[in-house]
């Protein structure tokens, strides 16, 4: 995945990305659950590094398990620079998958963001760590209270979407979307043009133009838009 | 509906309105779902202009459908100045019914507010458009991802309430309530007096008066209140 | 319960408290539902004063019922200074259990906080009253719209936890936890040491130490930590 | 409560009872959750004997707790002949409040039925015990897995309804309804007449009469009905 | 819609119909909610006659409303012979949309079936009326307890599907599916062939053939299947 | 796992098994969701063979995917005789993970049962295939409508429980429980004794003995029970 594509995607809203994917018949790309822990207006783009949890079982999900080779700690040390960690917490928001010590370490490793359909804990500390987080809640208990960590870089579900290692994740104030790897170039190119078009339409609305015929554009509007593009 | 009644209602909290409606046996008047997209402390009042969605079907809910006569675009152009648009999204929060271009146009048409038990998209743009919004979420996908628009100015459900075109909507930081048309005068008048009474009670609590006998008022307290009113 | 223990607990995060209780086999101690009405970064500690609601029945849950001896008003007048009121609203968020007049009175009585798995109403007024509130929502309707108040200082459920009068409640930005009375000393002591340890670990992460072996600590790390403690 | 009233109620469907209560403004009388464990077509009537659970806490909800004075065992021994036990399980269906040994003992004590918004366990044994049960599910784990028993003959919630000791419970294949004590005579008398009327209407529908004007009856139909009643 | 197509559809399972619609990109065609009130093994086919409810409001949803021109009674008298009534109850299962008197009348009018994402009441009587019913529950209260009827033959949602008047409904023990009008011929023809193919595959599985290559069929299997078809 | 242990477990109810596991601190062992497709009174025991799904993505979850090496078809051919297939469908009940052709093949392969927190399709055919099924629903659409199959014999969640390949599954009319591999001998032995004890208690209840002191047994009762055991 070229850096150039990522630079383009940083200027395409998640809203527009979902519309581009709909052109390819894909409706299930926006994760229902993850929201910005603090809305900050920034858009982040990265390759998905997946984490997988199953429900807790009292004999397995213990503080001792954190020292095992298959642990969230081990997973963090495998995360490549610039990736976006996506954690399948099965929508469980009564246990925080990560707290401040783990998000601090992720910042040290230059992880771009954490996305989960679960919760984080130590909210104050997580905010202080400056790791951008999209999550479905905040909870005091540790992951082992409700979850057993079972592995990384496997296919997962997150917020009702399938996420595969290497899919591209984009997140902004509207939430997080997943772009299948083979559609990234398509989405970036069409998305950039779509943003140009919507910017022009916004100007038209500001001028007082009515919506029918403008958005979506009819033939006359398309001609006016093309003319405007050529002028620039 | 006289403007004077609306001016009175602007000073009556939604909390008080629900209590006034309870006097008439109406418990189902507060919409469970719509919350201020940004809490801002303002109270808005307007006649309901209803919008109705049913679930998406892939052959109908397409970007192309936005160009049809029955479309959210067409509905917006029918909205009268000062109305509050109320959209029945069946509580679905995984698709945004409106984005920034549509809310910009609503502002141009002097629509007072948008209320929905669904979500909006393009959050940053919607905020920039300055349309006051009460909604149940924010989502990147367009309405067609989950919803099919079928008409306007029909009876709808929103957040568990029945809303008929012409009912009066009041919304503030406690959410949105619907007042049946024939009860608006009653609610405004009794509500205004109720607010006066609660303001006096607040003063009493500040003076250290205990709650029993004060709120609700017993006979002695009522006499004191009446005396205080006459003094003013 | 000694004030000294409470002072210690004020410096122990709810996250740490849940981990200490897990050592005793207790997983169900964090209430799923109550969140700070406004995140403010403060941690509050107090003995639980419980309030119990059952669902509304139209002949019982009326504004008139507020004048009865068994009423939320009567309960508030029984609350001891410094307590934390915990209200079992059965997770119903479509009616506000308390509004601003009641929270003002609680402040007058020096109640430390209100915790509920239900909603409050008159949000603007409740914020103005300065009572710290952890709740699951905001709603305009009064309690009688959905709830019947039946008593205080009984065992209750709140957010999926059992709460008994006299249990200790701690709440911060991660939510609210309940500590069984007989475990308070244990939690305070072990929790304080745990916080010291995590502070040291945070320093290590800042220095770039990897997580495995550090958190949780292996034998080598423990030795380094003990040495550091002795140095101080 | 006279036995005669109960005999009348045995011939009034729960559907009709809800309609009679609606005449008194009561909509919240049907419990959403309890269903017949096996549909059998019988209707049962009895005074409510209430049982109350709160969520489990691992230090309290243990098999050992079953030997405590406040236990489901103790409660069963207090149940009067002919009562209907109504258990508030907070809608939790992942733990069975009672198994076969307990339902056998209830049959020995001539308890008329068990109604709960929770689950039972040992389904095969419960069926063999012949206790009529209305519940929301079947689960293998014992109550202590998810619930702590805290008392009996207190006001409770069950399936979204308030139930007070001594309220009258009627259950049939449409579920379970609660009749406030002071409305039992009204419901029995009006209900019996309503059943007579509906029986006549059924005959009319069988003859091919259209619904409008028949159900509800207009003036002409009422006259025909009165004439038919007098003939009998 | 020709009767012949309906005869073909009567032999195509709802499972197969969903697979045929998936070929056209339609995934949202099975209603999540309606189940056979009594599983009986029969498959029913008919044109959709839609009914629409919104939530109850206490001043509107009264027994008196049943005498109004826009009422469920009026709707039933408009139902054409052989249609399948599909009622949008917004998934509310705490009020029965229809009871036995109404289902008796529907049988008199030769309505083929009732499908709803809500509940019916008077279960015993509804069963006695012999109207085939697919519903999401059984409840004692009448529709007015939770619902207001607002019209018929409008676009509706039912169990997460859009249903338009004139769409074709097929229901069997797997539930109810909706076929868009313009795809009925396609679904009937392809579905019938699909059933033939699956019947042959069933025979192969009975003979002990492994699944890979058989289902779905690879080229070799397809050749064998075509040969078998020609033999018949 | 010896066959003898399995024979013992076949006589231990799932209810008793959960109580035995509680002795080891394990509360999360009963799957919330799977119920017998038809209650039949039989108890089945087998080693877990796990199947894992993630949500559907339109480009992946297609009928074509069934021909891929990683497919439910491939998984079935790997199932060892006597195993119980446990499928993690994330609780999604709007798509059937398996239909009749697949369950027929499982019967051919001597699979003991299918357990899932999702749904099956082709109910009539699945019943005809005679494979014992515990599931959370029945739905017409194929798995690809809502699910993507990603692998087998991995750790999974099912009905809120962690299930690892090789754990032992027991299912009867109370649902399905999972026994961690290293606790199977403990559960079988203690469970068998527990069943003996409960059988004796049932006899006591039949004789009219009161519950307190009997269940759980106090010292006197224990002595009587031991005496009775010795007599046999």
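Residue numbering begins at 1 within each chain, and the chains themselves are lettered A, B, C, D, E and F in the order written.
Everything that follows uses one rule, which is that a residue touches a chain if its C-beta (ideal position, glycine included) is under 8 Å from a C-beta of that chain, and two chains touch if they have at least 3 such contacts.
Fair warning: this is a prediction, and the values are worked out from it, not measured in the lab.
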If a chain touches chain A and chain E alike, it appears here: B, F
Both-way neighbours, i.e. chains that touch chain F and touch chain E: D
Selected from B-E, A-F or D-E, interface repeating E-F by over half of its contact pairs: D-E
Identity of the chain that, by mean CA position, is farthest from chain E: C
Rounded Å distance between chain C and chain E, as computed from the means of their C-alpha atoms: 49
Mean-CA-position distance for chain F and chain C (Å): 38
Where chain D and chain F are represented by their mean Cα positions, the distance between them in whole Å: 32
Multi-partner residues of chain B (each touching 2 or more other chains): 25, 27, 29, 58, 160
Pairs of chains, among all present, that meet the touch criterion: A-B, A-C, A-F, B-C, B-E, C-D, D-E, D-F, E-F
Parts of chain D lying in touch with chain E, wherever the complex brings them together: 13-15, 17-19, 22-23, 27, 29-30, 32, 35, 39, 41, 160, 172-175, 177, 198, 201-202, 205-206, 208, 210-212, 215-216, 218
Chain B-touching residues of chain C, taken from the complex the two chains share: 58, 62-64, 66-67, 71, 73-74, 76-77, 93-94, 96, 99-102, 104-105, 108, 121-124, 138-142, 144-146
Chain D-facing residues of chain C, complex: 24-29, 54-61, 88, 90, 148, 150-151, 154-157, 160-163, 180, 183
